[in-house]
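Each of the next two complexes has subunit A plus one other chain: subunit B in the first, subunit C in the second.
The block that comes next holds the complex of A and B.
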């Protein structure tokens, strides 16, 4: 009993040995922006949150930026300007300027991936222009900008409008063989921030941009979706819109010739959303299906040709072929990829026409 | 047979709860890296080979013990005489100490890397070893209780399901795309994960009706194989094989995907909960070392205990960084490999010959 008491009391001596991190006495940031600076340096902008005492609802942010060689060093230097030290644990959105992305991101990614404090679910994005400029704009109508951007990505990914891309997925496609990464592209439009497409990467360097429509097609070609509106032209300037209620995609490989060819089979189920007060008989529905099919097929093939031309593979066709081929080699695949035969088969089923005929 | 009073023995089914945590050490956190590097999507195959070998070794352990009705300490002295047998027992003490030191230091390292970067090693080591003292001095049955408690740790496997949106199922094909040499190498790497059965050699006399416990030991190995399989599959599905070598503890990185409204960073809980995994191993190893000392020099186990703990404390504090921890790991994996897959089969054969000679004589 005496011995036990001794052990227990000795434990009391050991409390609070480490550095305390009290929330009220540290500065958090949700968003950071990385840009190129002259002489191969890096400009880091952090959106530091500010809480007003006594008013729990109001959170504002203040932007600090500094130029230096490494982002960690810059963050440390920023502490010189602050009353409360910076704690990086809450970082949820990282924006890269277009120039920075074109110069390669792997060095900056290493900082984020190496630190145990960061989450793997944080969102990354490329900004058309300078990331710092975008953050300085007033786009969130008073809401904390980091939170605003996080919610922007989160809701759009959950709704399935843009392909999901967080830190883990970016690293996965960056390191993985036969697959190239991509990130959403942000742009300031009329004082509002919008996702205007996707920035496609070759290795860790940004190469080319695709617009929203192409991004949506890419999403359809990548995985199952349950949302999205398609517009179809019915001739003479009349359009109908179709609601996507579920699309499935699968890839198939054909190895009959010396080179494999890939067939992408896309099945879309939809319903008529907006028919401009016209009642369509059955054969008219077939015509709409045909029209949408043709539209998706042309833009899909266009996109695939663009990817082949730029020798980038965000769809992961290489990874798919690897999973079906023994002794797959990356070099041989890269040589073959620009001339790869990709076929796209689209099927559209219109099942419902809403509550009206 | 060296009789242990029935009051101190445990039921055979409890062996399941002892063998399982003994296999389930902290090395589990990084066990998937090397096999996947070597055998890629086929890493499950070497795992099955390894599990099969482990079952055979377990069978051999029971055969040796059942036929002699004694623990390894006495078998050593019977087989090899006082001096050589004593020397072999000493090797086991060193090995057990090394294992405990490795587990404790690895746990402290994880805490230092994931939660408190500026934490010193010695205060944590002191607390952990004080707790070990408390548990081991409670005797064998208390240690078994701790082992059962550590079974709770299995709950953390549920966290794997948070990674579901990020799994890529075409990482599993093509099946069997590796050479035989890759499989053999991967099997050797995996054998490290099945280390820990050897403690049975020392606590055999503490099991009530020990012959009945073999079933439970084999079940423990099966359950561990399933856990390893889940871990390897999730690592394959979640990471690219090129991505894995850049991680140190992939199993902990998986906690980074867990999201609850009320807790932002689950890895704080996940990595601290590893404490449940280290105690069974540290306690049983220390207990076995004390047991060996007791039968060899007839000193009381409780008087030896502080001596061992101080030794461990000094050793743990002397391990400075990742590199030296890896050094210890290679040491343990080498010794463990020799004990389990070389020494025990050797002992089994020796025992079989001896039994035959005795029967014919």
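The block that comes next holds the complex of A and C.
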């Protein structure tokens, strides 16, 4: 009994060892923006949330920014302006200004990757312009901007058309060999925020942008997808749109010759959604399939050539070859990559044409 | 050396003891009894009538004339003394004669068999045990009319002299359990046995545990089912509850109604019960842990809901939870102490009025109110009342551990509880069986309610002498008459 009491009292003494962060007594932020500041400094903008009692629908935010050398130092200094201490645990979206991204992100990401409190599922994005300016714009029609942006990325990556890259995946492609990271690119268009394409990185530096059409092709070449519409031109201004019901992609490596070659095999299943001119698409299925195939193949090869030209590998072809090759060397791969033979095989099956006769 | 007249004199100190002197020509008859314990009808019509018809017969000749089945001639003074105190009538011929006729004229007042109040079932029989041991044994015998049902009676309690009956199935129940029960009952050193729960506490393997190691039931069908499976069943005169043992933790999750429903429905009910108990134990502790330490664990969709309901609450989560849990316990206690009609009013006033007012006054969050109310409701799904008390109490250490160490605290606390359960035994049988030690066949009747035709074996962990209940081959065949 005495021993038990001793254990229990020592438990109570240990309570001070853990830091309490009562959720509603700390200031949360869901979105933060990082920009370059003069003299090699960093400007951090945090969207601090304000909740209203009894009304979960109305969450507002207030933006605080500060210039300093490290982001955690800046965050700590911001506490001076706040009644409740900052709790970084809910950070869900980090935006980088284009300049910042071009200078390299690994230093800034270190603080996030080091701290276990940050969610690995947070989204990172590059802003075309200054990230702080984008956040200050009024684009979410009253909704909290962090939540808005989080939902924007969530919907578009999980259910939509852009390749997904959360913190965990970004870190993998940043640290991994034979693979380069990429992030969605945000832009303010007519007062609305839109994902206008992807920012492709070489190591941790932003190098080139691709547009949303290319981003969509990239997603097809990377993941299994179940969504998306393809438009195909059937000549003389007649268009047909195909709903993607499931696409599969697999990579193959051929090592017969001295240099390996990679074949990307893409199979798309789809159904006709909207056929403006063709009255009986049943008889035209082959033609439509051919047309879409050609379209995807051309733009796919274009994209791959662009990647080879810039010597970046967001698709992770190097990573794939590494997994199939004994004694793979990164230097040799990098040297060979621009002249790598990548073949793209596209198959399109149209399974149905809808209920209309 | 005590003599019969001394017994008369001693008992006469109580004003309800009567010692009649029936004069005859030779020696007078002395008739002693407690008028508070005897049935005047038996006394008048059976005893006094035969005495007055043949007033001159000696004692031995009088004996066959008394038309009562339960009677004897005894010269054992302590037996005379005890039987008088149980409502027997003693007849002595001549003051110094050592022999007495003892006639049973016990006036037994007991309420009628009523519907079960605690373990109420929608389906199934509606008879519950009552306070009279004989009635209870009658109810059991009627359900198991075979000679293998054995009843052993022991007197326990130096003051209350309670009759305790141990029932078991000969050839089925493991002798070890029966002998353990008898031995522990005989070893009881206690004066007053008002209820079977007192016996339970006295004979349990670990009386410092909050977990009941015997299963109390007021349902006759549950008790007879337990006997059939090979459990021991204990009754005490004066208690409307039977006690089954040995039990495992799993048996507290089974409601007897499960067996009356189709097996799929019964199994789902059982699963729901297990889930609700887990929820009930952990919900408010997890609330404390998440809000105090692990705020980043809440998804973005829930975040506004939780924070906006709590932002005006002046208490820290643990104080808020403790206040709410205590007020629910308060409502429960108040409801239990009051007559049922007023109890309902308490429920309405406490539950609805206080709950709404507490939220409006920003003393608690809506979210917590839902969690606390749900977990209180979930704890009521426990079919055995003793276990639902345990569920009520056990969440408090979890809440405090959650405040001290967050989710790690809940984990540590759960380990402590599981360790305790692992060490616990019921009449020597491990309490966590069939999970530990693992018994695959036992899982069959713990996690799910097996189809009756597949339930042809008694649970292996009861170590019965005859593990087969019925022939499996014949059970699955349907012998339709037109085939």
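Operating definition for what follows: the second predicted complex is superposed on the first by the 326 of 357 C-alpha atoms of A that agree within 3 Å, B and C clash if a C-alpha of one lies under 4 Å from a C-alpha of the other, contacts with A are read in each partner's own complex, and residues count from 1 in each chain.
Here is the rule we go by: a residue touches a chain if its C-beta (ideal position, glycine included) is under 8 Å from a C-beta of that chain, and two chains touch if they have at least 3 such contacts.
Model, not experiment: these values are computed from the prediction.
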A:55 touches, of subunit B and subunit C: first, second, both or neither? second
Subunit B versus subunit C as contact partner of A:323, first or second or both or neither: first
First (subunit B), second (subunit C), both or neither touched by A:150: second
Partner chain(s) touched by A:119 [first = subunit B, second = subunit C, both, neither]: both
Which of subunit B and subunit C A:177 touches, first, second, both or neither: first
Touched partner set for A:26, first subunit B, second subunit C, both or neither: second
Subunit B versus subunit C as contact partner of A:10, first or second or both or neither: first
A:89 touches, of subunit B and subunit C: first, second, both or neither? both
Partner chain(s) touched by A:79 [first = subunit B, second = subunit C, both, neither]: neither
Common ground on subunit A, meaning residues reached by subunit C in one complex and by subunit B in the other: 11, 14, 18, 89-90, 117, 119
Subunit A partner contacts - residues on subunit B that touch it in the complex: 113-114, 116, 118-120, 123, 126-127, 130-131, 133-134, 137, 165-166, 168, 170-174, 177, 239-240, 242-243, 246, 253, 256-257, 259, 264-265, 267
Residue ranges of subunit A in contact with subunit B within the complex: 3-4, 7, 10-11, 14, 17-19, 89-90, 113, 116-117, 119-121, 164, 168-169, 171-172, 175-177, 319-320, 323-327
Of all residues in subunit C, those that touch subunit A in their complex: 290-293, 295-296, 298, 300, 303-313, 316-317, 362, 403-406
Subunit C contact footprint on subunit A (complex, rising order): 11-12, 14-15, 18, 20-26, 28, 30, 51-57, 59, 87, 89-90, 92, 117-119, 144, 147, 150-151
